[in-house]
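The same chain A turns up in both complexes below, where it pairs with chain B and then with chain C.
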Partner chain A sequence: MEIFLQQIINGLVQGSVYALVALGYTMVYGILGLINFAHGEVVMIGAMLALSALTSLLGMGAPPALALLLSIGLAMLGCMVLGYSIERIAYRPLRHAPRLAPLITAIGVSIVLQNLAMMIWGREYHSFPQMIANHSHTFGGAIINDIQIIVFVLALAIMAGLMVVVHRTRLGRAMRAVAENQHAAQLMGVDINRVISITFMLGSALAAVAGMMISASYGLAHYYMGFLLGLKAFTAAVLGGIGNLRGAMLGGLLLGLIESLGAGYIGDFTGGFFGSNYQDVFAFFVLIIVLVFRPSGLLGERLAERA
Partner chain B sequence: MPLVSVRSLLFVTIAMLLLGCEKSTTTGSNMSGELIVRIGASAPLTGPQAHLGKDNENGTRMAIDDANAKGIVIGGRKVHFELISEDDQADPKTATIVAQKLVDNKVSGVIGHMNSGTSIPASKIYSDNGIVQISPSATAVNYTAQGFKTTFRVMANDAQQGRVLGEYAAKNLAAKYIAVIDDRTAYGQGLADEFIKAAKANGAQIVAHEYTNDKAMDFTAVLTVVKGKKPDLLFYGGMVPQAGPMAKQLKALALNLKFMTGDGGFTPEFINLAGDAAEGAYASLPGVTLDKMPGGKAFSDRFVAKYGPIQLYAPYCYDAVNVMIAAMQKTGSADPGKYLPALANISYDGVTAKIQFDEKGDLKGGAITVYQVLNGKWQPLETLGVIAPAAH
Partner chain C sequence: MTKPLLEIRNLQAAYGGIQAVKGIDLYIAPGELVALLGSNGAGKTTTLKTLAGLLHPASGQIQYDGKSLHNIAAHQRVAMGMALVPEGRGVFARLTVQENLQMGAYSRDDKKEIATDLARMYELFPRLAERRDQLAGTLSGGEQQMVAMARALMSRPRLLMLDEPSMGLAPLMVQKIFETIRDIAALGMSILLVEQNARLALQVAQRGYVMESGAITLSGEAGELLGSDAVQQAYLGS
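Take a look at the complex of A and B:
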C-alpha cells in the first residue's frame, strides 16, 4: 500500500511539471493551430537562465531568498523576450503559409536554441545549488520532500492563475476570440498580432517557471534537457485534447500517473513478461487507445466545432 | 520585392560559409611535401553524453598534436596527422552514417566510437573497408566477438568488469539481496547481465531487475519498485547522466543501500550531480589509477592544463591514437592493410596500461580498479588482479 501511495505521489509531482509545460503547447495550438516544437527548448533556456542568474547573484552575496526570486523573475523575463522573438521571427512571416511550413520552422528553431545553449553554457551538466534544506515528510509510509510539495502546489497555483486570466480578463476574452475566429476577432477590433505575441510570452514565462522547478527538483540543468520533456509534455497535451487548457492539465497529471504506475506495476500485471522497460510503451499505448475512441483527446473539442 | 532578394542572398551567403567549413578533400601530401595521414574519431559531441564525447575528442586531439610536434617519420617521409572528428550522437543509426563518411574521407584508422551501441554497428562498415578501428571505451563483449580483424579496444570488456563488480558486491561488500537497473543500451545491458551472473555465482540473490533509458531524468517510479523489494545494494548499468540523478533520488526516497555502477559513472560529474548523495557510492574503471602508471601523471597534468579536468575516457583515447601510430611506424606505412598485423601483435606502454591485444582485439590482461566516493572525491579502494580475458 505504501508503495502504491509512493507511486501516486511520484506520478502527481512529475505530472504537474508535464502539465505546466503542456499548457504552453496547448495555448499556442489553441490560438494558431500550430505545434510549437521549440517550447521544450524554451523550458531548458529558462532553467539555464535561472541557474546562471542564481549562481551569479549568490556569488555577489545576495541573500538566498532574494536571489531565488530575482532569478525566477529574470528567467521569466528572458523567456518572454525569447518567446516573443521566436513568434516574430519564425512564425509570423509564415502565418498564412501551408501548415507544414511553420511546423518545420518550429523544429528548426528548436535545433537552433539547443545548439545556442550548447555554445553558451557548454556541454557539461550544471548542478543546481540547493537553496533550502530539503526536509522529507513521511505520509502513510510514502515519502515526499519539500521541493516536491513546492513544485506541486506552485504548478496548481499557476494553472489556476492562468484559468482566471483566460476566463475572467479582457485579455483572456481577446485570446478566446482569436482562437475562435481570427478574422472575426480582427473585425471586432482585437489586435491579433498583439494577442498572439502575449500568448507566446505567457507560455514562455510558464516554461521558465517549469524549467526552474525541474532543475531544482532534479538538481541539474543541461542543454539537452528540453528535448524529452517537450516530447512528453506534447504527448500530455494531445492526451488531454490539444487546444484545451483544462485538457493540458488533466493530460499532464494523467501522463505522470500512467508512467509511474506503469513502471511500478506492469511487471506484476503481466507476470514479469513486460518490465519497466515498457514504461514509455505503456504511456503511448494509453495515448493510442484514447485517440482511437476520442480522436481529439479527453477534453478536446470536436473538430466540427472549429470548422 | 527587393527585401526577398536580400534575404535569399543572405541565405546563400550563410550556406556558402557553412560549406566552407567542410574539410577539403585533397589527399596525399601538403605544400611542404609531408605525408598527410587522416585519423578519424567519433563520439557523441551533442546530446546527454556530449561532455564525455568532447573529452574523448580532446584526448584524441592531444595525441595527434603531440605526434605532429614530434615530427614522426613513416616510411622515410615526414608525416602530418590530421584529425577528422565526427558527432555520432550516441545513436547507432547515426554512427553508421558517420562511419561511412569517415571511410569516404579515406582515414587510415578510427578512434571510436565512445559507446558500445555505436561501435558495434560501425565496426561492420570499417571491417568491410579494411579500416582499423580502436575503441577507447566500448566495453560490450559483442564488439570484438563478431570475427572482424579490424576491431580493437584499449579497455577491459564488460565480462571482465562485470565479473569483478559482481564478485566485489557479493563478497567484499557482503550484499545478499541485490537490485539491478540498466539503461537498455548495448553497454548498460551487457554490463548488468555480466554483473548479475557474477553476483549470483557468489551467492547473492537478484531481487529486482528494472529498466530506464539513456535520456531519462526521473527514476522515482523504478526506485520505488526497488524499494519494495528491500535490497541491500543497487547496481546501475549505464552512464553518468542517469547515475548521478539516480543516486540523488535514492536518497530522497530514503533508500538506505549501497549504490554501485561501472565505468560509465566514474566521473567527477557524478559527484556534482548526486551532491551529498554521492558519498559512499562505488564505481569501477578498467586499468590501474593514472598516477600509478609511468607517464600517467605527466599526461594528466598536461591534459588538465590544456582542456580542464579529465572527464573519463580521454587517457584511453590518447593511448588508442599512440598505439595506432606506433604500429604505423613499425611497418613504415599508414595503409591500414599493411599496419594491421603489426597492431595485432604490438606491445606498447601507454598511460593507462601496457597495451597488448588478444586474437579478438581485446585488451590482454587488464586490471580493474574499484573506487568509492569518500569525502566528496573518488578514491581508489582496490585494484583487482589480472583477469584472464573472457572465454566467449
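Take a look at the complex of A and C:
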C-alpha cells in the first residue's frame, strides 16, 4: 500500500510537469493544426537558461529565493523570445504549405536547438544547485519532499491561470476564435499573426517553468533532455485529445500515473524479468494504444474538431 | 451627389486560380442600401472577400471613406468601420452566443459602450438573449444568422456587407432577417447586400447591380431593376 501511494505521488508530480509541456503542444496544435516537435527543446533551453542564471546569481551572492525567482523569470522571458522566433522564422513562411512541410521543419528546428544548446552548454550534465534543504515529509507511509510539493502546486496554479486567460479574457476569446475559424476571426478585427505569436510565447513560458521544475526534481539538466520529455508530453497531449486544453492536463497527469505505477509494478508482474528501467516504454505503449483505438483522445471530440 | 462611402474602380480578383471578378465598378453612398445580385459563381462572394481584405485584388482600386484600401489588412478594415457577414455565417460554434457578440466588438475598447450595444443587440434579437450562454454551434441556422449579423453590428460598422443572408433559411426566418436589414438600414448605415433572392433584395434596396460571370451587366434603381425584363427573366423566374 505504501508503495502504491508513493507511486501515485510520484506520478502526479511528474504528470503535472508533463501537463505543462503538453499544454504547449496542444495550444499550438489547436490554433495552427501543427505539431511543434521543437517544443521539447524549448523546455530544455528553459532548463538550461534557468540553471545558468541561477548558478551565476548565486555566485554573485544573491539570496536563494531572489535568485530562484529571477532565474525563472529570465528563463520564461528567454523562452518566449525563442518561441516567438521559431514561429516567425520557421513556421510562418510555411503557413499555407502542405502540412508535411512544417512538420519536417519542426524536427529540423528541434535538431538545430539541440546542437545550439550543446555548443553553448556542452555535452555534460549540469547539476542543479542545492539551495534550500529539501525536507521530506511522510504521508501515509509514503514520502513527499518540498520540491515535489512546490512543483505540483505551482503547476496546478499555472494551469488554473491559463484556463482563466483562455476562457475569461479578451485575448483568450480571440485565441479560441482564431483556433476555430481564422477568416472569421480576421473579420472581427483580430490580427491573427499577433494571436499566433502570443500563443507560441505563452506555450514557451510554460515550457520554461516545466524545464526548471524537471531540472530541480532530478537535480540535473542536459542538452538532450528535451527529446524524450517532448515525446512524452506529446503523448500526453494525444492521450487527452490534442487541441483540447483540459485534455492536455488530464493526459499529462494520467501519463505520469501510468508511468509511475507501471514502473513500480512491472517487476512484480513479470517476475522480475522487466525492471523499473522500462519506465519509458509505458509512454509509447500508451501512444500506440491511443492512436489505434481512440485517435481523438480521451476528451477529443471527433476528428475535425479543435479547441 | 454626395461623396460615396465606398467606390470600386475596375476591380479584378482571382479566386482559386480562376479570375472571378473581371473589372467591376461599383459605389455605395452613405446611408445607401445597395443590392449585388447574380447567380451562383457570378463573382459576388469574391467581390465581398476582396472588399473585406480576405483576398488581394489582382488590379483596380477600392476607395473607402476617401482612402485607398490598398495594403490595409482585413483586421484593420474592421476598425475603419467595415464589417462583413460572410457566406455560411462563420459563427464561432464553440463560443457562446455572448462570446460571439463580444468578438464582434474586438476592435473597440470602450467597455461601457460595448455593454450598451450588447444590450441593444439582445433587444433587436430577443432570441439571442434567451440563448446568450449557449454555444453558438447548437443554434438553428436562422439563429446563427442572427448571431452573425449581431456580431457584425457590434463593431459599429459604417458599411455592413452581407453575403447571402437568406441562404438555407426557412421562409419565415428569411422574412425576419430582411425585416432586420430594413431596420438597420433605417438607422442610416450603408449596406451592401449580396443575394441570389433578387426580388427580396430589390424590395429593400435603393439601388442594385447585376453580376454575371465576373462582370456587372446591369445596374440601376431597385424599382427599375425589379421591373426590367432582363432581371425578370434571369432572376425572378417570370
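We adopt the following convention: the second predicted complex is superposed on the first by the 275 of 307 C-alpha atoms of A that agree within 3 Å, B and C clash if a C-alpha of one lies under 4 Å from a C-alpha of the other, contacts with A are read in each partner's own complex, and residues count from 1 in each chain.
The rule is simple: a residue touches a chain if its C-beta (ideal position, glycine included) is under 8 Å from a C-beta of that chain, and two chains touch if they have at least 3 such contacts.
In this text the structure is predicted, and so the values were computed from the model without any measurement.
Of the two partner chains placed by the overlay, only chain B lies in contact with A:130; chain C stays clear of it. Of the two partner chains placed around the shared chain by superposition, chain B is the only one that A:224 touches, whereas chain C remains out of contact.
By the touch criterion stated above, A:52 is placed in contact with neither chain B nor chain C. Judged by the touch definition given at the top, the superposed model places A:118 against chain B, while chain C stays out of reach.
Judged by the touch definition given at the top, the superposed model places A:3 against chain B, while chain C stays out of reach.
When both complexes are overlaid on chain A, the residue A:190 reaches chain C alone and has no touch with chain B. In the superposition on chain A, contact of A:110 is made with neither chain B nor chain C. Considering their complex, residues 52-54, 73-76, 78-79, 83-84, 86, 90-95, 99, 102-104, 106-107, 151-152, 155 of chain C touch chain A.
Across the interface of their complex, chain C is touched by residues 170, 173-174, 176-177, 180-181, 183-192, 307 of chain A.
Residues of chain B that touch chain A in their complex: 45-48, 50-51, 53-54, 184, 209-213, 215-218, 220-222, 224-225, 227-228, 241, 244-245, 248, 252-254, 269, 272-273, 275. Per the touch definition, chain A reaches chain B in the complex via residues 3, 6-7, 10-11, 13-14, 114-115, 118, 122-125, 127, 130, 134, 136, 143, 145, 214, 218-220, 222-225, 227-228, 259-264, 267, 275-277, 279-280.
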